[in-house]
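Note that subunit A is present in both complexes that follow, paired respectively with subunit B and with subunit C.
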Partner chain A sequence: MASVRRSRSESLFIRYLVLGAWALFCLAPVLWFLSIGLRPRTEIITPQPIYFPTFSLDAWHMIWEDWPMAKYLRNSVLAIIGSVVIDLVLAIPAAYSLSRYEYRGRDDIGFYILSTRMMAPAIVAIPIFFLFRNMGLLDTIWALMLVYAAINMSVVTWIVRSYMLDIPKELEDAARTDGASDLRILWEIIIPAILPGIITAAVIAMIFAINEFLFTLLIASTPDAYTMSVALANFTGGSDGVIYNAIALVAFIAFVPVFVVVVAIQKHLSRGLTMGAIKG
Partner chain B sequence: MKALFPYLLVAPAVIYLLGITLYPGIFAITQSFYAVKFGPWRPIGFQNYANLFHDYQFWGALWNTFVIGSLSLALQCVIALALAFFAYRDPWVRGWRIIFLIPMLFMPSAVAFIYKLFFLDARVISDLLIRIGLIESNLAIQSSVWLSRSLLILADVWQWTPFLFIIFVAALQGQDEEIEEAARLDGASWFAIFWNVSLPLMKPVIAVALILRGIDITTMFANVFIVTKGGPAFGTETISYFIYRTGFKFFNFGYASAASVIMLILTIVIAQLVVKRAFVSSRS
Partner chain C sequence: MARIELEGVEKRWGAVVGVRDIDLDIADQELVVFLGPSGCGKTTTMRMIAGLEEPTEGEIRMDGELMNGVDARDRDVAMVFQGYALYPNMTIFENIRFPLRMRGVPKAEQTRLVHQAAGMVELGEHLDRKPGVLSGGQRQRAALARAIVRNPSCFLMDEPLSNLDAKLRQAMRVQIKHLQRELKTTTVYVTHDQIEAMTLADRIVIMERGAIQQIGTPDEIYANPSNAFVAGFIGSPPMNLIEGRVSDGMFTAPGIAVAANGIEGDRDLTLGVRPEDCHIGPSDTHLDGAVFAIEPTGDLTYLTIKAGEDLVEVKADRGYRADLDAPEHVAFNLDRLYFFDPESGIRVR
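Presenting the complex of A and B:
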């Protein structure tokens, strides 16, 4: 009996050692980067690293006064919201079609939509660059909106489809015998019933859009279309080199809202990340 | 009309995606048969492909993508499984999940700068290692191919292990507790249960998670662009960075398009062989 108890407390000790070590590994760089954002420029790159810096809001003032931070923020928000709206408007009917009807070629269409998730941005980067150049959309948030929507279309469709498959058919059948049209059933019964799934899909799409780097780098060439993700790479000031405290603050400005919404949808996260393949 | 209705519902999304995949695909294939530098396009047949075949930088980029990607994926999978094994029965599993999630929620470009500063510009890691006496002078990361690759792998493991962890924990929590309980009453240890009972049941989930993560690793770009620029000696140049450099640094668009087409063919083959099977089996 005693040996059982000892091995149990030992295994608990190992458990918390492993989990605690990984938590430290996760958080240490984050906390240190936060300290970079809150220290003066002169204490960032020094012959010896400074572990206990003086507190300073230099970077906060700099990003708003010397750099068009408000513009970066506005571009990010508009491009992301626009792209998520496009995704939902196109993907919800598509998911409804894929989950509720039997027809020829359905599974191939579904797989085609899924397979666009595998396309490396670099593969289509050059043609898309020429496409937007010919359309006169380079360096606009419209181009970013269209690209982000395309990147996330597969994810949103498959997540929403997975939640729709969970809805029992009887729910619609009752409404159908009352004479409701298919579109009305989608709007009045299905969408309210899978609202958590739609929100999950929107949050996942939002994260991918905030993170997007390669396309944004190619499309945006002036602050008119820089998003926060690409603006980071432009916080350099000639002889000043990379302006790390500004970069750190912008990183945290983008992080906080994402963290808040992700904690809110925590329960659905594993399902969203696997595009509905597992139900967590 | 009734029979067409489901097609009409799915059509807008499909047309949108065709516009952004099929059109670029055709464009890239066409352009790959031309010399496109400054000025008009000049048809050159298969010359771009022939040149690619002899281009050691192209093969190097494929090799680097494979080496960095597979090492990183293997590490992430093992660590995430271990963490999930320890966390899923823990009373504070939600708390662990939120903490472990944090690196994943930073923009990849921000993570790249964290690691650039940590290892290269401010040399904090070198300083800490010198203080505890492990090394005598600053690590020369930028002149070592393997140290540079390790840095990219470390940043990727740090940021993306939680992706797999979250999926694995959810899969373990979703498993039937009675099977575990029965095995435990037979006197099996927690690890034996995990290895012999839980893990085999998780196979389809692991397959889907690794495929999704694998796809994203092979498209690694921001870290390379910001931290190593593909160096030293092209030792960390991934295929995405190769296409970017060829097209947008040297404006050799036809050549870059030929590389894109080869990547496209590889993607389609892998999608048909691996992804289709994993996603279909995961829902049966």
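Presenting the complex of A and C:
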């Protein structure tokens, strides 16, 4: 009996050891760039590693005082929130239609929406550039919103659709015999029932949008439309050389809100990421 | 209140036929039960009455008004579902109020009607709770309250009790029957449980493979099944169906010999006899076989006798006991024998 207990506690210890090592492996880069962001430039590139660097807020002051970081942050937030709103407004009815109605070509339309995620973004980069130039939207947050929304539309649609498929058809039938229209059913029954799925889809879209670089670089040519991801690139050129501590700190600032949100909804997120794995 | 008529109603999905040629007239205030095994078309027929499915052919009328093409929300029907179908994000109060809200009933009236309906199903104390925290029985009562709250002209109940345990099912059955009589609302009830059908129905519609097999009161269907399917479906345990041959006015099968109730000729037939019409008797009776199994239930004992390759179920007294394989003799109630054509299953009289 005692040996069984000991082997159980040993197995538990090994599990925690492996998980701890994995957590350290994942978090080490984050801690590392936080440490770089909070040390003076002179202690970043050195012949010998510095294990206990001097604490310095040089980079912090620099990014807020010498650079329009608040503007970049605002641009990021507006473009991302706007894109997520566009995604949800369009994807929820689309997902409802794909999951509930029978019509010719439904599966083809579903696949077409998904297939937009399959091509390499660079393929459409030049057409998109000309499209926005002709529309007069280059270097605006509106263009970023539209691009992010377009990129994430397929993912959001499919995540929401997978949650909708889990809603028993009986609920809709009940609402219909109770006198509700399709729009009422969607608004009052379906959306509240799949709220965790909608939040998951929104967060995934948000993460993809924060990390988007190629199209942002293409569309934004002045600080008016720069986002955090493009702002990082600003610290790599010019007479000051590569400003590693500023890059690290901006990267950390961009990372924290996403990290907090992901931790808060991780239970739903894992389901969203495996959507389609069990039920298609 | 409504009279519901179905005329030549069919439902097909491509080559698959769900329901074929249904003719049915449901009287105002009547409680009609659709009974049949899974996939027999009973739920599809109900969904067509509700407007959740459109018939491929035929006409559905309510109080003489053609309902084909009329949306479910515009038919004055209320439906109760097997899985309750309560809206999980709403409290029980909001659930019951939902159909009133959809129909634009004034707010003060909504509250009064919700409390009235909840009171009828004894759910008044749980109105502020969400469905998730209620028991199965409470949820089903909430679903009932949501159906009765707006006083529809017709109730449609799709296996509403099949998710409940046996005891609760019995209690809810009584409650549904009482409510239906009290409200005098035409009700169509779907079930695969023949006890539910027998105890609830004014008339039973027995269905198989999309077609109606028989329509009648519970007594009529029990006493005069029109074919072997109905005979085997109604009754618990079901009627014994024994294949054999009639010649010279006698039905014979291995271990069985009984007068064929005036059926002449020389032909293969299926004999039907209910377990309660079989009586343990002295030797030289209609069936001679060996005890195969004994199942005491408390108030009586189910005895299974093996005669040839057939297993014949008999309802015996509560104290009946015998050894396995012991010889046993059974006399049939000669007034309650049924004969069916073995090919078509149709009753032969």
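Basically, the second predicted complex is superposed on the first by the 244 of 280 C-alpha atoms of A that agree within 3 Å, B and C clash if a C-alpha of one lies under 4 Å from a C-alpha of the other, contacts with A are read in each partner's own complex, and residues count from 1 in each chain.
Definition applied: a contact is a pair of C-beta atoms (placed from the backbone, for glycine too) under 8 Å apart; a residue touches a chain by one contact, two chains touch by 3 or more.
Everything numeric here is computed off the predicted structure, so don't read it as measured data.
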item	value
A:Pro192 touches, of subunit B and subunit C: first, second, both or neither?	second
Partner chain in contact with A:Leu171 - subunit B first, subunit C second, else both or neither	second
Comparing the two partners subunit B and subunit C, which touches a greater set of residues in subunit A	B
Contacts of A:Gly179 with subunit B and subunit C, given as first, second, both or neither	second
Subunit B versus subunit C as contact partner of A:Tyr96, first or second or both or neither	first
Doubly contacted residues of subunit A, that is, touched by subunit B and again by subunit C	none
Residues of subunit A that touch subunit C when the two form their complex	168, 170-171, 173-181, 184, 188-189, 192-193, 195
Residues on subunit C engaged by subunit A in the complex (per definition of touch)	47, 50-52, 71-73, 75, 77-79, 81-83, 85-89, 98-99, 102-103, 146, 156
Residue ranges of subunit B touching subunit A (in the complex, touch as defined)	3, 5-7, 9-10, 12-14, 16-17, 20-21, 23-25, 27-28, 31, 79, 82-83, 86-87, 90, 94, 96-103, 105-110, 113-118, 121-124, 127, 158, 162-163, 166-167, 169-171, 173-174, 190, 205, 208-209, 212, 215, 218-219, 221-222, 225-226, 239-241, 243-244, 247-248, 253, 256-257, 260, 263-264, 267-268, 270-271, 275-276, 279, 282-283
Residues on subunit A engaged by subunit B in the complex (per definition of touch)	11, 14-15, 18-19, 22-23, 25-27, 29-30, 32-33, 36, 44-46, 48-49, 86, 90-91, 93-94, 96-98, 100-101, 103, 106, 109, 111-131, 146-147, 149-150, 153-154, 157, 182, 207, 210-211, 213-214, 217-218, 228-230, 232-233, 242, 244, 247-248, 250-251, 254-255, 258-259, 262-263, 266, 269-271, 273-275, 277-280
